[in-house]
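The structures come next, written out as structure tokens.
Both complexes below contain chain A, partnered by chain B and then by chain C.
And now, the complex of A and B:
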């Protein structure tokens, strides 16, 4: 059963991400990326990392993809995009070479037998409890730093995207709009 | 029976898909998607190692990667909006200002 679930998720995720990378339509790419994220959370549940799976669902599918969807509306990117590919064969050759390199790098912990658990999972606690125990003791400082980083990112996003937002269109009265005419169109 | 190497090889495959996307894409939004794929591949490797080594550090790193990805999207989309306002397109080939 576990084998079937793993191969099911693996094949679907690979296919969906291939669609994301190769598609010419931003809408298709975004939808398949979101579906792939949902299936990746399925892999996390399979691995026993329940809390990580739920965080993946909430943050990636709920927040990040919604943000991308809003950005897509802003960019008016519903049509297919044109891209100029100069050396397609070279790209796939480089990708394949780096894939071999990645397999070697990721399989290295398998070959080396000296890997051992630094913080073993607490016995008798289910996954969210164990995660909380480790997160709020050994990883408390990185957790707080991550909170500050998210705050900085939020302020940066507001500042970058919200320029000239203090000029609310609904507060301008009609005569002013007619005076300005087409000047504000840009 | 599914072992650790299955997950690691799946993660490597997904990472190289993302890498091909980063090399191949000319549209900035699509480049962001490819980056997300690469981050997710790393997350799978972390979660699998954490599960098979009975160690929660891998899951912690995956959490921090998710936080980094969320802030990257927030800042990056702000920059994309500014670029789109300035140039009217998201294509990297339109941003070439040096010509020889």
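And now, the complex of A and C:
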């Protein structure tokens, strides 16, 4: 049953991500990417990592992909895009090589059966607790560094977007607009 | 194992059938309640007290021409309503609907998938529901639809933050993400309800719930006066109906979540047995949504964002911090 579910999810995820890469239409690409993200959480559920599966749903599907979608408002989503490839053979070679390398890196320890958990899950802790224990002991410094990085990114985002923030468009009087004659006031 | 699979399938089919039927019935209730509050009669002509109006509406929806505008992305246009309906029902899978009961000698647990991160799963699935309106708006080649889609992304993304943060404080108190644990925590009667410990979180969750289910005063996605019908402008027939089944299923889910997390869930309430108690609570929340719709006007998009980021989110953060301090000392 589990094997069947794994191959079912694996085939679907690969197919959907292939659509993402090969499709000419950005709407198809985005939809299949989002659907693939949903199905990846299925793999987490199969492994018994309920918490990570749900986090995958919330973070990637609910937030990251939705932001991509929001950026898509600025394109014509119904048309298709023509991509220009200057060196298709080179791209194919490099892409294929790096893909093979990734497969070797991840498959080698499993074939050699030398996979050991560096920090095995604490006995008796349930799923979110196990994640929390590792996150706040072994990986505390990377966790905090990531938090600081996000804070920096947030402040930078606010500063970039914050020009003229104190000037609310909905509070301008009509007379003021008419005086400017539709031109910017500077 | 086989019995478990068959039982799960039966439960899933039952939930699907009952909630879809309730969604249809919900439109009738909504029209009647709104009519009552505005001193009208509402649907009266079809059947006694207009009860067969649901049937008439159903026939209309099923037989209406399924129209796909030219220039639209056909595939995405067709699957978008299904996404809304599906995510709404998948979210219900992790919600314990009723207390355990025994039927023909078998103990039935009315929850389809008892995962130990139930709350997060429901919230995540409802968050994934934003792709329905979003893709519908992008695919239909209509500027009102595009505006509706933009508003979907803005509104759902913003209010997800408030829902998550407001629910964090009760999660800290209970110390579990399972909705059944929440229910058992409040087993001691009305004094044990989490609403007394977390009144602010309750109000924040309810407001954000209104926004996430696209109810007035936050129904900017399909605000008739501004964007015709928003993301649903080009939809007709049963595809349009699926958006509404999804919306009503989400309303019911939010009702269940609010009752389970804050109002004691399906524990017996005085002389009222647990199963009836939770149905009464969910009905109250459903009524509350209609009541608010009849009482408040729509708000502007900038007011919506102001409310979310300058009022609700800081309050939620303060609530979480205070709860943490109180629990520590």
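General observations
The rule is short, and it goes like this: the second predicted complex is superposed on the first by the 131 of 186 C-alpha atoms of A that agree within 3 Å, B and C clash if a C-alpha of one lies under 4 Å from a C-alpha of the other, contacts with A are read in each partner's own complex, and residues count from 1 in each chain.
Here is the rule we go by: a contact is a pair of C-beta atoms (placed from the backbone, for glycine too) under 8 Å apart; a residue touches a chain by one contact, two chains touch by 3 or more.
None of the values given here were measured: they were computed from a predicted structure.
In the superposition on chain A, contact is made by A:72 with both chain B and chain C.
A simple residue count on chain A separates chain B from chain C, and the partner touching more is B.
Contact with chain B, but none with chain C, is seen for A:96 once the two complexes are overlaid on the shared chain.
In the superposed model, A:146 makes contact with chain B only, not with chain C. In the superposition on chain A, A:63 contacts both chain B and chain C.
Contacts of A:14 after superposition on the shared chain: chain B is touched, whereas chain C is not. Touch criterion met: A:54 reaches chain C, while chain B stays clear of it.
When the two structures are aligned on the shared chain, A:128 is found in touch with chain C, with no touch to chain B. When the shared chain is aligned, chain B comes close enough to touch A:29, but chain C does not. Residues 51, 55, 63, 67, 72, 77 of chain A are contacted both by chain B in one complex and by chain C in the other. Residues 71-73, 75-76, 115-117, 120-121, 123-125, 127-128, 130-131, 134-135, 138-139, 141, 146, 149-150, 153-154, 156-157, 160, 164, 177, 300, 302 of chain C are the ones that touch chain A when the two sit in their complex. On the chain A side of its complex with chain B, the touching residues are 2-3, 6, 10, 13-14, 17-18, 20-21, 26, 29-30, 33, 36-37, 40, 43-44, 47-49, 51-52, 55-56, 59-60, 63-64, 67-68, 71-72, 74-75, 77, 81-85, 88, 91-92, 94-96, 98-99, 102-103, 105-107, 109-110, 115-121, 130-131, 134-135, 139, 142, 146, 149-150, 152-154, 156-161, 163.
Within the complex formed with chain A, the chain B residues making contact are 1-2, 4-21, 23-27, 29-30, 32-34, 36-37, 40, 43-45, 47-51, 53-57, 59-60, 62-64, 66-75, 77-82, 84, 90-91, 93.
The touching residues of chain A, counted against chain C in their complex, run 25, 27-28, 31, 34, 38, 45, 50-51, 54-55, 57-58, 61-63, 66-67, 69-70, 72-73, 77-78, 126-128, 168, 170.
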